[in-house]
Amino acid sequence: MYLSAREIEEMDGVRKVHYLNPAAERLNKSLGDAVGMQHLGAHLITVDPGHQSTEYHVHHFEEECIYVLSGRGLAVLGEQLQPIGPGDFIGCPANGVAHELINDGDEPLVCLVVGQRLTHDVVDYPRLEKRLFRNAGEWNLVDQGDIEHVKR
Amino acid sequence: MYLSAREIEEMDGVRKVHYLNPAAERLNKSLGDAVGMQHLGAHLITVDPGHQSTEYHVHHFEEECIYVLSGRGLAVLGEQLQPIGPGDFIGCPANGVAHELINDGDEPLVCLVVGQRLTHDVVDYPRLEKRLFRNAGEWNLVDQGDIEHVKR
Amino acid sequence: MYLSAREIEEMDGVRKVHYLNPAAERLNKSLGDAVGMQHLGAHLITVDPGHQSTEYHVHHFEEECIYVLSGRGLAVLGEQLQPIGPGDFIGCPANGVAHELINDGDEPLVCLVVGQRLTHDVVDYPRLEKRLFRNAGEWNLVDQGDIEHVKR
Amino acid sequence: MYLSAREIEEMDGVRKVHYLNPAAERLNKSLGDAVGMQHLGAHLITVDPGHQSTEYHVHHFEEECIYVLSGRGLAVLGEQLQPIGPGDFIGCPANGVAHELINDGDEPLVCLVVGQRLTHDVVDYPRLEKRLFRNAGEWNLVDQGDIEHVKR
């Protein structure tokens, strides 16, 4: 359950490209998986200059938080553009505003990201006008315009 | 949902003494609460020299993880004594081994701690031979010896 | 928390027409709501001759069961047509086959229906080729053909 | 997923004696298990004259409900003694009053009982002054007097 800074440094990590955005690419080291965690994802992510961390999105149920370890960039938080750097914290309450990180600098942006792993979630991608329904491993993606909002 | 390094620095924090261990004292800044997170606790903790982070414990259900930001100390992980320092990661899968951090150095030990906030949990304190049952805000503490383990 | 047979008899009930099927009409007496239950729905339903209990459907997560109290009818269980009468039981495990009841007789079909009330569910309506995503009170209905099944 | 009245009649059932009360004995036919239900228990229970259905108890989290099919008896609902007979309904909201059924008549008391099957529950047995903590299959029984109620 312990990983030294050196062991983390030496992990290969996985280069992840977001399934909806080829510009959202990061090197992902899953520290949580490496020590057997199941209900929290804990990732050391590195976003290279010119890339985003993920597609701009908001979770209806899962919470996550980000702590910047090194590098600089921009956090897009709803309508707001927030410059970020080492020691800054971003917490994403469920059903808050959409967000993404952008590395607009010239050195890698390194963050610790910890989030819930829920069985059920709904994720909105406002720029793409899409909604993802995730239920027990099944991912159903739909255009927002194809959703009928049933009133009860 | 954003806290700058400076804002975090300027937070007062709360001095927390563990309810079962007066030597377990830490300065706790709840970053998650400050930004409205509900299902994850995200804390910047500072353990001064000579103190422990918490009473030695293990959760049956909640997972948590710790990332060391500065300072040095010892992580007690079950039977193992693990020296820790900046950049080290400790992940605590549910139902793993008991753990605590000890600052045996001469500067503050500062860590980011992120954990689940579940409605139900069982926490064991092996040194005290006690078990805590937490259910929807009600905390019931019992001596391990007073528990009848019903076989079904 | 107690309702006598007479009190149940005297309840008005609510005439419910299924939101997707005008022929699915029943008189619904929510016994569970009347006694303050929150996590289980418990309903005495009466389906008149010529009507169905609901639109033919299957839940991915919620379980429900039906006990026939009086009357006769047909249970459609996937491809199977099952005649039903007093004392028969139908249990619907999550993610099983789609089902509905039809009163094809000439007296009211009266059943006790008890089911989970989950925060999250997915319901398929195979005849309509529609899927309902229910999350914390929000109902999102989509055509099956508009769903992109994302592989991970 | 279908059981006819005749198939139910012919099920052997299991004679269950409550683990804390030898007078609480019933014949239990698990209809739900027979059709593969996992998250709801659905039982046809028969309590013979002179017996109770269970030890007098209350669940903090699980809800259950009882529908009387035949026979007569008494429902003990907190301080109240309620005569019961065919067509009566008893719903037990979580954290309500303690309850049990007593067959004080001279014919079998037959009921349909449907309840949640939660991973976590707390059950109080007020007459025995005991509390059961159930967490993921582990049953921990303690005397109420051995519980320290930790204030937070």
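Lettered A, B, C and D in written order, each chain numbered from 1.
To be clear about the criterion, a contact is a pair of C-beta atoms (placed from the backbone, for glycine too) under 8 Å apart; a residue touches a chain by one contact, two chains touch by 3 or more.
None of the values given here were measured: they were computed from a predicted structure.
Student: Can you tell me which chain lies farthest from subunit C, using the average of the Cα atoms as each chain's centre?
Tutor: Farthest by centroid: B.
Student: Nearest 5 degrees is plenty: how much rotation brings the CA atoms of subunit C onto those of subunit D?
Tutor: Rounded to the nearest 5 degrees, it is 180.
Student: Would you kindly tell me how far, in whole Å, the mean C-alpha position of subunit B lies from that of subunit A?
Tutor: 25
Student: How many angstrom lie between the centres of subunit A and subunit D, each centre taken as the mean Cα position?
Tutor: Distance between chain centres: 46 Å.
Student: Using mean CA coordinates as chain centres, what's the gap between subunit B and subunit D in Å?
Tutor: About 39 Å separates the centre of subunit B from that of subunit D.
Student: Mark out which residues of subunit C touch at least two other chains, giving numbers and ranges.
Tutor: Touching at least two other chains: none.
Student: Specify the contact topology among the chains shown, as one of line, ring, star, complete or other.
Tutor: The chain contacts form a single closed ring, each chain touching exactly two others.
Student: If I apply the definition of touch given earlier, which pairs of chains qualify?
Tutor: A-B, A-C, B-D, C-D
Student: Across the complex, what residues on subunit B touch subunit A?
Tutor: Residue list for subunit B touching subunit A: 1-5, 8-9, 31-32, 34-40, 42, 44, 63-65, 67, 75, 77, 82, 84-94, 96-97, 99, 112, 114-116.
Student: So in the complex, the part of subunit D that touches subunit B is made up of which residues?
Tutor: Those residues of subunit D that touch subunit B are 19, 60-61, 119-120, 122, 131-133, 135-143, 146-152.
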